[in-house]
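Note that the chains are named A, B, C and D in the order they appear, and that numbering of residues resets to 1 at the start of each chain.
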């Protein structure tokens, strides 16, 4: 059944509409049991920073792995039995068919649990969920990625996707900052981006650091310094709330309209499928209506971030 | 229309209970009326106006298990040098028995738990652990009021993936197997406001069969096909013309007993316009931020999902949650988007009369008034809605 | 209503008016009539001209000191005037002992109390809704929505705890509304426990299992409790430590109540607020009142008597003679 | 090993400085001890919330024994003085909660009292063994 066939109708689904017993990874919104995680194996763990690890996981069912597709910006629930599940952005490229990558910062119960996993361990995955970035709409435009700290995880899939489709987009600028050079994630990507002449990569750290000869300065300040022209440009930002706040101010100062600015939100989530109720921003649920929102959309919603 | 003589009620219940589990309001030892399983020695309590809780729990249990799994081995993480070796041994052990390690649970405290579920799910479903059995036995709920039934039908949209969202099989399997026999209200209370929300003490939304108390028994109307087949039973007599007349009179009398304390038009707009209004602080003053209103509500449906491990077996389950619970929105970083009491308070009313209608084309309140009655400080939803409706007018006035 | 009660009500209004006029408080907490005259609810008065809605009668059961605890005042640093009955004042004293409320921002009006009516028991005597309860001397006139009227004796409608109240007068106040009542003599009384105490271990187990199977974990008992103040940090909600399972089942529910009971030990004067707030009417007094009885028999301790006292579990006596082996 | 029914689960909550050392000493001296109890070591009895004992009962323990330093000997000077008030309250409340009082005890065993530890646990385990497993429905 195609996605549009049902979603355009304002009606309830029935058992006849869904694929009984299947997970979201198998049947998307027509999952017979959207609470059912799909078993996956951790194939590789990358220690990104002292407290961030990336997990590359592969569905145990080859058919599911082969058939899995997602939009850049979409998220998934990664879980460990006995501990629980939490929502993370899928940050491997949509064209990557071998594995899904999630980056996890050690912070709460579930993330501590995830950090204790080793390769070959099993996890439960419920994905893909939510709405991704409108990358198709952005074709022919300049892209400006502004991210800080672990915020890079939410944008990595989108960056990789747009770089793969490089010819479809005009100028691409990546501005990425972290507290210290040690806290920079995806060093392997950064090296590659910096080596490419068709992207403008700016890496900054908050304060001088022994051995760091790159740029020093907070992301919003560096952004103002770079002063990208708003014309025909889309700005995409993600990072700690305080950074986002000042980045949005900087973008406004630079003349970006609300419709040109996108961000991806974080909320406490449980079900991930728009039912359990907690991740709402007014009438929108971050898990199904987001996590990607344009600033214009956010302006219409109650301020309960 | 059919007629059921009052003394035939036990016969009907006995008859129904052969095919399904029958739930009726029953006065408990402490005098509180709650829905309970019917058995021949159980007295049905139809005089008390509303059961303490609606039979929401019959389709949406307070605690419901999704997944079950068990642990095969628990070993200490205090000596990490042995961890890899132990894991490997466990794998070999389990694989030689034809099972599969599906997950390894990291140290919660000082222990490393290795989790395994041997064999497939109990229902032969693919995936992790076994999906706990979904309860698909038939049940009949008799004696709830039309507002309770309407509350259930209001929840149907969110669990039914209305508008192209996700379908909840646990809820729907129960809902499909539930037959609702509602009884028209006889003596509505001052807290009732179903009529303000387009309902009625004889409303039929979500009802399969409606019984109206009249002299000597009940006037019985089938509302849905499910109800049609139910009233085919021989215990129901063909109704004489005066039965219908008495039923109409009884319904009218009940209608007259329900106040219309506010205008629904303008509530949604008022909530929207008044989102940042300081009025919320005043309204929330006497709220103590517990969750009583949401748990006695026939249509509040928010829930939480947890994993718990007890003696070698684990479960992932959902349990009711509510927007007054700090853990409801608390993020890992420690940030809570709804930190203050008034923000949590505001969410409940906004959800019922603004967010939910926007998303699911239905109100999320049937006007039963339980939240007014059982709130420890009697926070009055009617007062909140009246006050917020006035917010629009105020805004308009300024504009 | 007796002359004394009218005098108390007048005095409450007068003191509230005075405090607001003088700017001593930002708001004044008392009681007022709810949506029907039989329902009394907490009132938050910010304006002088609203003072006349304040009332006092034997329906004023709410312990208003709940609204003084952490996160309740709005704004957080508000100066608050509050009415307290004898039992309420003891919870206030317990909070003051641990400096959990700021004495400087508080104005306390003590109300001597003849006893509060057990509205729940009264309502169960009628199948129709009780919409008015009026007081005429020793009689209580109850009117239902259907128009039925009944006269009942005030004495017989009292809450169990009020019928044998040891503290009809507030233990702490800045001003008093009305005359002090005679102070009862004799040792403290803990009514309503005998029947349960006489049961065997097995029977008690069954009574508790049945009662707590009905708990819906709404947290009303905890949030309404003036001396249960952890607010967002309640261990009952915590997953680490997982002291209480999140499933709603008899054992977990009793454990949940145990957390409440043991954590308020030494502060709880059995004011009964938890009991009255429970939407499924679990007899919480069985636990809380019993705990206070044991504390009294063990150490002669009663919670919330004097501001200078130390709560029983925050101090010790080297000579405590207890039952260790 | 002594004979004990072996069918009961007992949790012993002991403080690090005295009772754990005492129990350890009993082991080192190869004193005969029952085997059906599990030791939970805490820094001080002052840290022991009575709820830990209740939690043990809730999760299926048949007996709970708490032991710390003798009054006056607390490693942190006064932890056990505070603790014993709480333990006594629990002891008095347990019968009220439908749990037989014999299933719970608190006591003091010093690091040098291996023999006393042996005696304390043997007595306790025997008593609980006689009562058998708990059938509690409430906790």
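Here is the rule we go by: a residue touches a chain if its C-beta (ideal position, glycine included) is under 8 Å from a C-beta of that chain, and two chains touch if they have at least 3 such contacts.
Given the structure is predicted, the values throughout are model-derived calculations rather than measurements.
Hopping across touching chains, the smallest step count from subunit A to subunit B is 1. Measuring from the average of all protein CA coordinates, the nearest chain centre is that of B. In this assembly, the C-alpha centroid of subunit A lies 51 Å from the C-alpha centroid of subunit D.
Centroid to centroid, with C-alpha atoms defining each point, subunit B and subunit C lie 31 Å apart.
One inter-chain figure worth recording: subunit B and subunit D are separated by 44 Å, centre to centre, where each centre is the mean of the chain's CA atoms.
Touching two or more other chains at once are residues 239-240 of subunit C. Residue positions of subunit B touching 2 or more other chains: 108, 304, 306, 310, 330.
None of the residues of subunit A touches two or more other chains.
On the subunit B side of its complex with subunit A, the touching residues are 66-67, 69, 71, 84, 87, 101-108, 112-113, 115, 123, 125-129, 131, 156-170, 172-173, 176, 275-276, 301-307, 309, 314, 316, 318, 321, 323, 328-333, 335, 337-338, 343, 347, 350-351, 354-356, 358-359, 361. Subunit D meets subunit C in the complex at residues 49-51, 54-55, 58, 71-72, 78, 81-82, 84-93, 95-100, 105-108, 120, 135-139. Across the complex, subunit C is touched by residues 28-32, 34, 47-49, 52-53, 62-63, 108, 187, 189-191, 257, 281-282, 284-286, 288-292, 294-296, 304, 306, 308, 310, 317, 319-320, 322, 324-327, 330, 336, 340-342, 372, 374, 376-378, 380, 382-383 of subunit B. Taken together, the subunit A residues at the contact with subunit B in this complex read 3, 6-15, 17-18, 20-24, 26, 29-39, 61, 80-86, 107-108, 111-118, 121-124, 241, 266-268, 270-271, 273-280, 282-283, 285, 288, 302-305.
Here subunit C touches subunit D in the complex through residues 196-197, 201-209, 212, 243, 250-252, 254-255, 258-259, 262, 265, 287, 290-291, 294-295, 297-299, 312-314, 316, 318, 320, 322-325, going by the rule given at the top.
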